[in-house]
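Same chain, two partners: subunit A is paired with subunit B first, then with subunit C.
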Partner chain A sequence: MNERHITGLTASKGPKRSRRQLTRQLRNNLEGMLLVIPALLLITIFAIIPMIYALFSSVYDVSLYTGTEFVGFENYQRVLHDTVFWSTFKTAFRYMLYVIPASLLLAFMLANLMIRIPKKAAGIFKASIYIPNVISGVITSVIFIFIYDYDSGLANVLLEKIGIKRIGWVTDTKYAMLAVAIPAIWMSLGGTTLIMLSGLNDIPTVYYEAASIDGANAFQQLYKITLPSMRNVFIYLLVTSIVGSMQVFELPNLITHGGPLYSTTTPNLHIYTHFINDTSLGYTVAASLVIFLLLAGLTAVIFRLISSEKSME
Partner chain B sequence: MKQNKLLKLLYLTLSAIVVLISLAPLIWMLMTGFKEKTEVYRVPFSFFPDNFSNLANYSKVLTHKNFPNSMLTTLLGASISTTCCLIINAMAAYGFARIDFKGKKLLWAYCLLPMFIPSIAILIPSYVVVHKMGMLNTMAVLIIPGVAQTGHIFYLRQYFLGIPLSLEEAVQIDGGNRVQALIHVFIPMSAAPFVIVGFGAFVGYWNQYLWPLLTISKTKLYPIMQQLAFFRTERNIHYGVQMAGSFLAAVPPIMLFMFFQRFIVKGIKISGLKG
Partner chain C sequence: MRKAVALFLTIALLLVCIPNAFAARTTIIFWHYPQDEYSDAWWEEWIEEYNNSQNEVYVELEWVPMDGWNVKLKGAQAAGTAPDIYGMPLADAGRNVTNGTVLAFDEYVDPAIWEDLTDVARQYTYINGSYWSFPRYLEPSAMLLWRKDLFEAAGLDPEMPPTTWDELIETGKKLKTDTCWGLHIPTNEADIGWTTWGMQYGLSGSLALNDDWSKSRMSELEGYHQLANFFNDVYWANIAPEQAIYGYGSIDALCENRCAMLMTGSWSLATVLIDYPEMVDKIGVSHFPTPDGSYDHATASMGGYCVLMDKLTEHPQECADFLVWMFTRDPAVMYDFFERSHFSKFSPWKSVESMIAQADTYSINPWLETVMDTVIPYSIPEPIYPWEVTYAFGRAVNRILLEGYDAEEALRIADDEVNKYIENFGLAGQNLKN
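Here is the complex of A and B:
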């Protein structure tokens, strides 16, 4: 639509105007198509077709090696009656309880710290805490497996120094989830903090000035100004963290292998192991789709909550 | 005034502690990379290695039969993937932002569809697609499926829409065509989003693990993260060697980040504001 403006400039004079405009439009159609087709083709092959295939194979008994047979909702019934599947949800929920509140709280505190230090120092601070975000889950896992080593790992050495007995970080069901959660928080904290910081910077300083003139103390300012203004940032982070948590894979796969006793088998890990051990695709795909639907529902509910609260203001 | 200064000092000290804690696992990795096996398991424990010039672990990693090769092929793959990603997504973004063609609205809606498809839902079906296309155990399977990305197209288009139209008009008044407008106006002005998309593409390729785990089964073809995860389970690979390998595998993304730090930190701000 903006283009029409430009073409008007180049083809505005002369008797052949309308014909020129027509050829110009044809050229636009051709050029536009040529530009967007490569991307659309790739998206079709690697996102749209797999999605359609997922819907198809969840109601068929598809195998890569034998024939295909229509089975209706049998796969879904198998998934919904599978206690292991539901227990992975409980695991995911526990994982979220370990990771999300701690991340949000820490990031909020760090962002508040960051706006109180000089700009130059803040620059170094931002870059340093963001570095773990570019480190892969595999490297993080390899480092933390060593940190959790029973005899020579940093974690147990430090515990002993402060007089606490060594812990079987990855072998004890009590600590395995914590052992996965710590590196997860470490990896994502920098990004979360920077998003919080941009939210904090968006709050007009006049609010605080007015509040301090009225004699509001730091806590009152926090409750009446900072937290309400940051609500959308918090909700955005909450939604992205929930979606991210459901799809976590590397850390529980490498650090705890989903164990001990399946205590860290997250949905994504369950789907992966099921796929590796079972050649018929129906169950695996149906399970992915159920997770997808639940995630979409949860996200929709959260967004609904935001918009309704907004309209109340 | 004095109290203010004291408070500032307190904040700075706190920040320094936070920076140290957040870098501690990486420093610990670096230190262990210089340690002999006996040193790693020695009691009492010491944080620093005996000898910072002990490169035995690094030479073990660099003479390993697959590791160095895997680093190089992943570097190559990541470069190809980043280039393709930039070209294909920028082309589409430009088309959607600036050209008025038939069916644009419909195609744009179609282009946005993948935003609503979580990767977990299509992981296995995508495997089936590449399996049917005979792409398993090739470099193509690691590169091609990740090239076109709705997120990147959306982000670039948003940026292109913000570039004032008057600049292009100026080029056209001077008798230039669209290609010239692209070269003289668009590309120079889009350095920041290109860096952010390119960095994301590179690091995304470099760090991928689950997808190669499904699609690459030959040890020789493993990309670096899969190689690292496999390597650490081999015989005679003690923690010192593992940490040396991890360090080498962590260098490219960290270096790139340091180099483009300004752009990237700013980019996070923007994506945060969107929420």
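Here is the complex of A and C:
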């Protein structure tokens, strides 16, 4: 079998097409390509070229004012031997553990509540729960900085009301991650709930009717109908939350500045701190590329799982 | 048709001439971050005066918020759009010399102007045989402010502040109430690190790095152990908030009855005099307590601000001329600044110092004598080594407070962190010389 057969070119030949048909197909292809060009240009300018430049820069000791010096893989060695760099991944993982389960569980409960209440009330509920989604991370951070004020912040005032000692929310390693996670959950809850709600609405009501006739109780309906039907929604939310959590920056940067003792320094915040403080950009660029590769790998694995036949059953 | 041609020619002529008219005046971009109102007003008014005094140069002052300063400046430097001149803390002159981002003024000014610099200021600006900055003011970083009325209410002598660390903690316990902390000190790692530079030196006889910056030696210096343990003692005495109520630069906690004693810098004195005049009689000022009560060794570092010139500026001569006009042409310009600050800051220029000496400063600033006699003479210049070294000490303190490490182990970890940084960034041998 020659190469033409393998690539399927022979199969696509079929009956001879007229010249007019070929011209029309060519024109269609051309139109498609023209439509793709702007996106391709943007990707080239803002993703491909910077990526090539970053790869090039990562093997140099890049200084903004004093010239550059070729250092080979020295920057990568520094990154890979930096214990703080690796600890940022643990931090991101801790952040995920705080935010994702709580966010999914709360959203699932709220979505279930919303489909059970009257339409008008549900509308108001939806709008109010979505508001934090449209508030910027900066504003959210400022709001929570006030809430975490040691003396007069709402959080400590409430704790004192129930007889618990005040907490140094942003200066104590035990609570700093929680202090970042709470606003993160608050911000993401609206979007997650609405996606869950649309997933719940897609489940045909006849399933539940049939289950009721068969004598299934609410828990059995949840376990046998709702959760399996929502699997792809859960997977989608899980994937986007994991990738989003790995890239979180704004909240820890503004609320805890990555501290105390690096306990809220996420990978992106670590890169940012090096960009601001280092005399050369080599470490920053190399660390960015390593994080990019790790994230790309993680995303590829997750998407591989999602697109597998098993997940589509 | 002729009208249209005439109109076209007129517009073309205007388009050619107008840019030339503007181009005749060189524009200098000057970045500074907003500080106190009086300080910002001083810049704005005198820059306007300078712009009106000649037609060659126009200085465009841009206020860049402090919290976005680093990223904006770094971004501008990366994009080749950095300002021609910019304000910075005094010690950052040294860091910028190391980074190669600033241009020396030697070629652009009469060398005689530098003879007017005080010795302290010269340590900051004269590096590796060149002058790199125009210092604006000096100020000690750490003192103790206390509320006399709250001392009286607690049965303490309002004129007798604690002088030793033990007294400070005992006094704090007596002053603490349900709504008012006994003491307010910094709690985040960066603030713990830099506000104690003076104490680190005063207790140890040196700072964290050895002379050629090849090694961190915090764990070897007894003073660092003492200081770290002092923070631990304050923490466990429960006299200070675990999380600072206000930033280190703020006086508000003291003036709003939320603490009875406050660790802060001399800039706070101007804030009391300007924003809280009713509190002037209720506030006392002293050097920060020491282990043995003596103040004849450093308890504070002498910081301040200066103006630097970007290495890539296209108008170095114009920048230098403007700064000479502001800082050395007429001491009255700088005197105006110190007068506005109620003499809470100190001049790096001898001629201005002389003018200030003629003024009735002690009646304007009732705490000036204390600061001049017990804090300033023993203050040390701020270190110019990278911030990572300073943060490492802050983290050591937090390891003791939050993670239960002992001082020896926490400081050893700090040394390891700094030594790794020295290795990674080739810091050894980079210490700059005056």
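Simple rule for what comes next: the second predicted complex is superposed on the first by the 259 of 313 C-alpha atoms of A that agree within 3 Å, B and C clash if a C-alpha of one lies under 4 Å from a C-alpha of the other, contacts with A are read in each partner's own complex, and residues count from 1 in each chain.
The rule is short, and it goes like this: a contact is a pair of C-beta atoms (placed from the backbone, for glycine too) under 8 Å apart; a residue touches a chain by one contact, two chains touch by 3 or more.
Predicted model, so just to flag it, every value in this text is computed and none were measured.
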| item | value |
| --- | --- |
| First, second, both or neither for A:R78, with subunit B first and subunit C second | second |
| Which of subunit B and subunit C A:Y283 touches, first, second, both or neither | second |
| Partner chain in contact with A:F275 - subunit B first, subunit C second, else both or neither | both |
| Which superposed partner A:Y53 touches (first subunit B, second subunit C, both, neither) | first |
| First (subunit B), second (subunit C), both or neither touched by A:L194 | first |
| Touched partner set for A:L222, first subunit B, second subunit C, both or neither | neither |
| Touched partner set for A:D151, first subunit B, second subunit C, both or neither | both |
| First, second, both or neither for A:H257, with subunit B first and subunit C second | second |
| Touched subunit A residues, subunit B compared with subunit C | B |
| Contacts of A:A296 with subunit B and subunit C, given as first, second, both or neither | first |
| Contact residues of subunit A, present in both the subunit B and the subunit C interface | 64, 149, 151, 272, 275, 281 |
| Residues of subunit A touching subunit C in the complex | 63-66, 78, 82, 148-151, 166-174, 257, 259-261, 272, 275-279, 281, 283 |
| In the complex, subunit C residues that touch subunit A | 70-71, 74, 77-78, 98-101, 187-190, 241-245, 258, 311-312, 386-388, 395, 398-399, 402-403, 424-425 |
| Subunit B to subunit A touching residues, read off their complex | 8, 11-12, 14-15, 18-19, 22-23, 25-26, 28-29, 32, 40-42, 45, 88-89, 91-92, 94-96, 98-102, 104, 107, 110-111, 113-114, 116-129, 131, 144-145, 147-148, 150, 153, 165, 168-169, 172-173, 178, 203, 206-207, 209-210, 213-214, 225-226, 228-229, 232, 239, 242-243, 245-246, 249-250, 253-254, 256-258, 261, 264-265, 268-269, 271-273, 275 |
| Touch list for subunit A against partner subunit B, complex | 1-6, 9-10, 25, 28-33, 35-36, 38-43, 45-51, 53-54, 57, 64, 110, 113-114, 116-118, 121, 124-132, 134-147, 149, 151-152, 154, 157, 183, 186, 189-191, 194-199, 202, 232-233, 235-237, 240, 243, 246-247, 249-250, 254, 267-268, 271-272, 275, 281, 284-285, 288-289, 291-292, 295-296 |
